[in-house]
């Protein structure tokens, strides 16, 4: 049995709170059960050096974890003097996922940075980050449309992400920490609304997995992302 | 007139939410108006090297600001690869303030680290941090008392901190950002419950200040800290 | 047409040279066409701190690129003072892939580090690294078996990795640089000999991809890895 | 009794040597008893980025300690790869203190950096630094006046700093190391010539202090700074 | 007896392979016996900031060692986050040696960086680097001449370097590792074709050495460099 | 003509002040004309990890330059976050030079670190550092002999260092900055009292130099070091 008798196909309760902080152009607190991530989108009228003069914008992301977001305290990366490999990997994934729904030419010469900071971690922080960052990004771009800076939206729709995995022989959706740390196979799937895939990252933690398991997990992920799109749409409609 | 017609002697609305996150031994979200700081206390059964074998504990603090806690985005210190001077100064101040209310011998060979992370900044982040960290520290130590690890509390009472300053010629209590950035003199005062002082840090931003102004500010700070002690006691009583 | 009229299902010429340098316990130069990676395995009689006393070993990897392995010179990471996100991501992937074929308990309290240094880069450096590192790891462990340090091999077989992708609408195997930089979808697949998967990392560079495309790519990867297993077995048989 | 029977109100012998090194625009060796700090002022015709185009200058400071300025050797910060929190805190304090006596508009678009390097430390290195740096700053600005670069002095007078504290129940002025390390309360006061305050930083090392003790310390500091102003004026008159 | 009965005056077998990698403007693998260094020259149409607008070029070098180039594994400098003192010293030496044969004015406003990466180390890595880098530099400049970018060669000839030393009381040429680690005196000599010296760096590892020993070593170095010039000329003639 | 009509064979006025600071076991201010370096020797009862349990001691050195020791301000290495190549090269040279006069076995399991900090730089800072550090090292070891920690001196005599070079066609001894920056050839020589050499580092800044020039410079260096030995002996005799 999963914790709280959750059915295998079901995500944890998803809660999306917009306008969570005051200053960011988009500010979203997203909760996947006990996992809580604050996603703040910032618009700046500049582009990174490698894009200067190319008449396009950029979307990037940074990820961090508060030291006591976790069961035992994790050392602060600012104090250590560098970001770890896991942090880098996750923020690169978030950024690629967001760029999948933005027409960078249509964005114009500006950069949107989405900061995803984990307030509390109970598994799935990267998938919650992508899902919340998508909403923060919509809010930020809506601001550019509302004030007339942009005439047409550079957005192509929604993107969401879910973790799926095989735990105790069962394929389950949206793993919480206790499941994640016992998973035999663990897969993060990033999807757009029509079901097409932006990223698939599957890892065998114990035994390698076969194609059938992979397809099962992909189906499960599709169902999970559909639940997330509903939550994103509801939040944006409020 | 101050913003929101606030009287000069009055702090902003203070809100202290305990048990804000799940894992920390003490977890407090403190709000001084729009300034919001999450203070998480962690207990570890070890002491820093310089205290090894001295049969005493240690209390320390770390401070951070989410990149978009501020009006415009601040670069992430973890990405820059070092903590700035302001960060270091503040976290050293928080730690000294907390140690003022703890009998380190009575704490035994353990370290309590309080992480103060600013979710939203509107002036007074260091004073809110100290005030909130004090409550988180009480919660953490109460846990040690509750589970029998400690027989007697090493705590000597409460500590709180307030900023006071001279703005447009008026001495005011608990400056918010718009006041702080226009203050002629700015003073942070850390106090224990009987009114005695743990830290006084006054800085002339424009013209130097005289002793009379200093005394006025100290009185104002006393009143402010008393309001904070009330809020801390109420929170701890819940 | 692919460069050199290569059929879509075919890898570039694979060349594996064992004992490439003198000192490493396993030393392999692997070539996937013009991509050349030196994989050196080092055995040390110690384990990382987090494994101390747990009666098991560890397998890890580091990845680097010579500054002029690429078309234009890349800044040396040692001179910059940190490893980039891409480097960290790749070396974590190599290490996980290698651990999939090692019984860490049976390895005993020792660490094997495989350094993968790219001499020349023409796409697929991470997949060449995994494939070559596997052979270097076998050589290193064979040394432990030969000198009687280990009685039984902790190895479970071979692991290899291939990149597949969709380029100009066609699904192709083992992309070289000119293909990789034009790919619509790019996927790295890490596989063991019975066809089961260790890692799947698919990324939509342009448009998201659908499940059918994913399955096509997985099949292509299977064929590619089988070619690599043949090359690995031949090399190890020499 | 204080060391050397020094009366509580009296500073250690103060010695200010101007033109201590050849190249700096202002170069002062200041001695507070056995504490010796070399203060070198450098003028550069540029301003930090955040002041570009604002038609004003900047005054900043850096602080360092030779590794064997102290009783036992302190690790070199350049070798550690970062400046510690104490260093940052002190150099920020020196800089703010110096800016209190400079009209930055009148300085014009140039930066004066005062490097304070502690040759020997016996308590009070930050107060000696501020007091010596003030003289170095005067020398540097006098050079700009002498060569006609500036027509009018941007200086508003002198600034000095003293530490005061409560040691063994007695309020004493200008603590040397042996006193400082036993102080119950420790306060650094930065003052201008008319007795007004630029900075007040009081810290309870043991018990918190009350307002009466604070006032006693402030009076003591006033007397101490007056002794320092005499020494500064004498030095500048030579 | 030296290893392999090598006569004292003789270098190890020298092998110079040009065009070792594809992309670099000059790419040379040089072998001094078992010491193998890859030297890649890169041309960039820019100069360092301190040379901007001075109508001259620059030649610089970077040096690195693969972690398992050595008997036991050396920690990767990129992972440590800084280059060690030995690395810095060597790359500065290589760069100065190369600049001795280039007319920087005639080079024009471009920079040539030669990366010397040690694949396998058996003593003499810095001398092999200089000798190989010289050939790579020639190849790079020949490319500029061939494509008409330069009309006249800025090269003044060849430069080579050899280590000489006193081992077991005998003066020997081109020390391999086992000799180097037992040398009483160790000297690196950088020479141009007419026998004049660019660098001489002699170090007494045990007892200091006298002038006679120095002269003997210099003579030996002269003979060694002449062997190297032959090898360089042969390689460039192919 | 040299500055101050100094004869080619003569060093600048040498001044050695012992016991310059209070705490170091050996503390020497050495002046070569306007070059002033503070050399502080520290004794610690520990050895670096690589020497643990080998019943021998270690002698090492660190080098630094105050930011305004130079004509224009040099950025503080502690603020930059790393020591430059020149610094590393010099401190390694100082350390090797000092080890040449110490029997490390006889020193016992302790480390002597000599910090050489340049107060004012006018050429020859590394040679002044070595010469001054030698005296500081003697003082530190004499302390160990005086207090009975050591029965017999591990010192083998004196070591000194001088720069020599060819300037405007003339071979000159102990170059000051204005000469150094115009030298065609520049050589640093480290010598023991009987004239034998510990280090020779000659660099052609412009044209390569021939053997005859090298010998002339070595003779000049011998004369220079003899002047330094006289100064060292006088200082130690006081």
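Details
A, B, C, D, E and F are the chain letters, set down in written order, and residue numbers restart from 1 in every chain.
Please note the rule applied: contacts are C-beta pairs under 8 Å (C-beta built on N, C-alpha and C of every residue); 3 or more make two chains touch, one makes a residue touch a chain.
Everything numeric in this text was worked out from a predicted model, so none of it was measured.
Think of each touching pair as a link: the shortest run of links from chain B to chain E has 3 of them. If you take chain A and chain B together, no chain is in touch with both.
The minimum number of touch steps linking chain C to chain F comes to 2.
Repeating the A-B interface with over half of its contact pairs identical by residue number, the matching pair from E-F, D-F or B-D is D-F. Taking each chain's centre as the average of its CA atoms, chain B and chain C sit 50 Å apart. With centres taken as mean Cα positions, chain C sits 28 Å from chain A. Shared interface positions of chain D, defined as residues touching 2 or more other chains, are 81-82. The ring of touching chains, read from chain D in the direction of chain F, comes out as D, F, E, C, A, B. Residue ranges on chain B touching chain D, taken from their complex, read 82, 84-86, 88-89, 91-92, 96, 100, 187, 191-192, 194-204, 207-211, 214-215, 218. Interface of chain F with chain D (complex): residues 21-24, 27, 34, 36, 38, 40, 42, 44, 62, 64, 66-73, 76-83, 87, 113, 115, 117, 119-120, 122.
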